[in-house]
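Should a chain be cited, it is by its letter among A, B and C, assigned in written order, with residues numbered from 1 in that chain.
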Amino acid sequence: MRRGLKGSTVLLGAFGAIALLSLAVIAGQAPAPRAAAASQVKRQANGKPDFSGIWQANNTANWDLVTHEALPARVMQPGVHALAPVPAAPVLALGAVGGVPPGMGVVEGDVIPYTPAALQKKKDNYEHWLDRDPEIKCYQPGVPRAMYMPYPFQILQGTNKIMMVFEYANAQRTIHLDQVEPYPNDSWMGHSVGHWEGDTLVVDVTSQIDKTWFDRAGDFHSDALHVVERYTPMTPDAIRYEATITDPAVFMRPWKIAMPLYRRLEPNVQLMDYRCIEMVEELLYGNLRKQPLVRKWEGQTMTVSVERRIPPPDILYER
Amino acid sequence: MRIKRQSLAFLGALTAAVTIAVALESVTVADQASGQGAARPRTAAQAPASRPTAPTPAARGTGKIPRTPWGAPDLQGIWNTNTLVPLERPREFGTRAFMTQEEHAKALADLQQRNERPGRDSRTVAGQPAVGTEKDVARAYNEFWFGDKPTKLSMRTSMITDPADGRVPPYTPEATRRMADKREFLAALLQGTSGGKPGPISPRRADRSPDYNLDRINRSDNPEDRGGPERCFGSDVPVTMGTGTFGGVMQLVQAPDSVSIYYDVGQGSGFAWVIPITNRPHLPKNIQLYRGDAIGRWEGDTLVVDVTNFSDETNFRGSRENLHLIQRFKRVDADTLSVEFTAEDPTTWTRPWTAIQELEKADEKTTLVLEGGCHEGNYGLLGMMLNTRAAEQAFKEGKGPDPATQDNATGGGAEN
Amino acid sequence: MRIRFTRVSGAAAGAVVIAVFALAVIQTAGQATRTPRTADGKPNLNGIWQVTTTANWDLLAHSVRPAVAQPGVYDNHPVLAAPVVALGAAGLVPPGPGVVEGNEIPYKPEAAARKRDNAEHWLDRDPEVRCYMPGIPRAMYMPYPFQITQGTNKIQMVFAYANASRTIYLGAAPAPPADMWMGHSVGRWEGNTLVVDVSDFNDRTWLSRSGDFHSDALHLVERFTPITPDALRYEVTVEDPNVFTRPWKMNMVLYRQLEDNAALIDYRCVELVEETFLGHLRKNQLVKHWEGDTIVLDVTRRTPNGDKRYER
């Protein structure tokens, strides 16, 4: 036999490939993540995609991970009609500026698979958003929420570390591409270890404390949270970001979110200081001032009066 | 020059393989275009049982329909209609979808006669001069505001083509009860006023409306008491265009992946409606939108638009959040766009029903589609609220009548 | 001639592999693929777009600050005021590097004073609070998406916010009979750039939540230029001789949404804002009182006197 494959085998293989592919094409619904043409993506010297730059999500995931209609506000009270609530006092003066815009969800299957007990807690969180959402207090957002806050973040991609710095609250996270000791404690932004699978950066995130939320809709987790992220170039200026979330204390099964992250292309874009710690002092400690500071505001058709109070100890010392 | 046999063979095989690949891709794209995996209507709302056998009306132009540069039928333009067709068929036509020439001539004569009546300019109520009565003022617009009256009449006996009698099917018992409850409530609020039954003010006056109110009711305790049009939502899905000055006009802009429609429904109200041409599924059921969620796909030369996810604030002839609409846009000829719709809602009608409207292409230079600044200029709602509060205050101080004894709802009506 | 079967079939296999790869690339493109050009050779603007800049809060470079502020302990460190104090970080204006060339809006002196006054009273005056049409250019940089449908003689843009929309007429367009909130737009292509002339505005819209305003003499020239297949540079030259001492320019980037399931959902805020701007006229006040863990809010409504009562 001469060198090379037998002709009949090759032809069989070729037709088989066509057949299989056409079957996949006809049967397939949602296409696989769009892989950017390999040559156009920026790359490091080692050939891996280079994600360095300033990025931002452009969706409403931080309001609510699942598909949601517009609402008059996130804090509402009953209106005249049972199905039409109105904004409550904390946001009343803002009108449409305080509204919750509608948005398509980012959760695969559009349902977060809470256990029945956890679903009750989520609903309770939702009702007490202002008192409980850590974002309100300018706390670090955790992973994955940091990735889709509506503010830019910067990726600095080294050879054995990737650092992400978030404008919001100056939060940051380091993704270790090299071997490191396990993190000794739990933290707000967790411990991230990454590796490459082809052009996809896969990041394993563990050791997050249970104090962060996923969004402003009360979606929460325990300290058993385990997140596996995948960053895949979609175009030279867009990353497909996916995160699989596992937390057996809260969810009945793992679930997944996916969204594009867009490179900021304005020539003058930069991360600025979102120094909200100082800005939220009035909220967090204003009730403990010797003299109350924020008491009243008068608009054309409403006056908003503020009284502060010191809550019972179990809430007072709760951060 | 000698071309290697292997190269030739390679090129030949490559050509063949690429041809196969491209053919496969066009098959898949065509599948997508024809709706494989697309959102399907929840029931098999197929073509209506009885199709008219008469010639297609308004076939002014002949020949091929205009097409866009990418080969789709061109639905674009500014569309309205000056031709009257009743939605429901007068009973005397039975199951006939088209009039005879004699019937049409008679109907036209009747129309002309009606156009000559004083209508809202009439200033009598039950034969007595209306001057100085509440009804005289409440009648609001006089005929001047209605502009030129339509003088064209279609050969169609009705827009409704299915069921066979050309009329909206009966309401379900549930819907009948719903509407009776609401009518009772409206009547209660008019009790003791010039627009309702005599008697004391009803104890139901402070009740919440039995439905999400979109009607004009005789109360202004809250903005929610005022009807949908008055709050600048509109109250009807703009499925059919009216005729004449108050009839409205529609602009359609078309791209390969979307159709963008702007409806000017008159009186400063307008709505923009984007129909993506896609095979993505509808929004989750719990998402309720005022004008629903529209998804379009091409079936041959017809754009089929499936609309679901309506809300309880929608009201299409009694149908609310369970409304399911299927619209079919077809460019008939250079001057005509036909819009057929099937409406179904098993909680409202006993069966689906289908209607068709032929819209006429308007001259883009003289028919402008302008923005609807209803909400921005809504002094009416502000006024109703402000003045009712002021009237209540005046009554409290003994300086005026009890506003609850006044009819601020029926608008006086028109005798003719 | 004897064709060596093995080499030919090897070549055929290679060709098939290439074709299969090509097909895979075409197929995995999915809904995010759009041809970069339309059938008539123009840049393809179809899709759902949105900015990420903070221009709607403030066109100029700005630090983080409370959305509604009152004096704090120090003169130049204001704190969250009552309308937003319970919102904490959600009641802040995020920082931004600004979108105005030269970082200055050249107001005439009396106009500058009015802008400052607007900014202090923005909740009572900003038409956005009442869900009014945002006008141009503001509609383009609201923090909500909009959809472009690029027709053959018109380009239609529909905005999620308030269901606002604009028609860009390509070529001859009839002059509107009256001033409009969204102006009148006439566009043409200059190479790869869509140039749009916008005029016939009324004076009711603002340019941002920071009180930037204009008169009915406002005139804009917009330039939309693709910088990548999924991003547009959006530049606007603003002139209004009643308000500004000279024309000025802003520019920013519009990003196309790349989700497979991208869809425009209506932000129908007309109903949602009734409580805010009409609630004072209810027979019985509805929103009165709210309690959080450390904050108790009381709202009293009142009807202003005189002409302010009838203001929309």
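What we mean here is this: a contact is a pair of C-beta atoms (placed from the backbone, for glycine too) under 8 Å apart; a residue touches a chain by one contact, two chains touch by 3 or more.
Fair warning: this is a prediction, and the values are worked out from it, not measured in the lab.
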item	value
Pair sharing more residue contacts (C-beta pairs) when A-C is set against A-B	A-C
Chain whose averaged C-alpha position falls nearest the assembly-wide average	C
Whole-Å gap between the CA centroids of subunit B and subunit C	29
Distance between the centres, which are taken as Cα means, of subunit C and subunit A, whole angstrom	23
Distance between the centres, which are taken as Cα means, of subunit B and subunit A, whole angstrom	40
Numbers and ranges of subunit B residues touching at least 2 other chains	17, 20-21, 24-25, 28, 222, 224, 283, 287, 289, 313
Subunit A, residues touching no fewer than two other chains	14, 18, 21, 25, 69, 79-80, 84, 102, 104
For subunit C, residues contacting two or more additional chains	4, 7-8, 12, 16, 20, 23, 27, 31, 131, 162, 260-261, 263, 265-266, 268, 271, 274, 286, 303
For the subunit A and subunit B complex, residues of the former touching the latter	14, 18, 21-22, 25-26, 29, 66-69, 79-81, 83-84, 102, 104-105, 110
Touching residues on subunit B, where the partner in the complex is subunit C	5-6, 9-10, 13-14, 16-18, 20-21, 24-25, 28, 68-70, 74, 76, 220-224, 231-233, 251, 253-260, 262, 271-274, 276, 278, 280, 283, 287, 289-291, 293, 313, 364-366, 368-371, 373, 375-379, 381-382, 385-386, 388-389, 392
Of all residues in subunit C, those that touch subunit A in their complex	4-10, 12-13, 16-17, 20, 23-25, 27-33, 50, 52-53, 63-68, 70, 72-73, 77, 79-90, 92, 94-98, 123-124, 126, 128-131, 143-144, 160-162, 209, 227-231, 252-253, 255, 257-263, 265-269, 271-277, 279-280, 286-290, 292-304, 308, 311
Subunit B residues touching subunit A - in the complex, by the definition given at the top	17, 20-21, 24-25, 27-28, 31, 37, 208-209, 212-213, 222, 224-225, 283-284, 287-289, 312-313
Residues of subunit C defined as touching subunit B within the complex	1, 3-4, 7-8, 11-12, 14-16, 18-20, 22-23, 26-27, 31, 34, 38-40, 46-47, 127, 131-133, 147, 149-156, 158, 162-165, 167, 172, 174, 176-178, 180-182, 204, 260-261, 263-266, 268, 270-271, 274, 278, 281-284, 286, 303, 309-310, 312
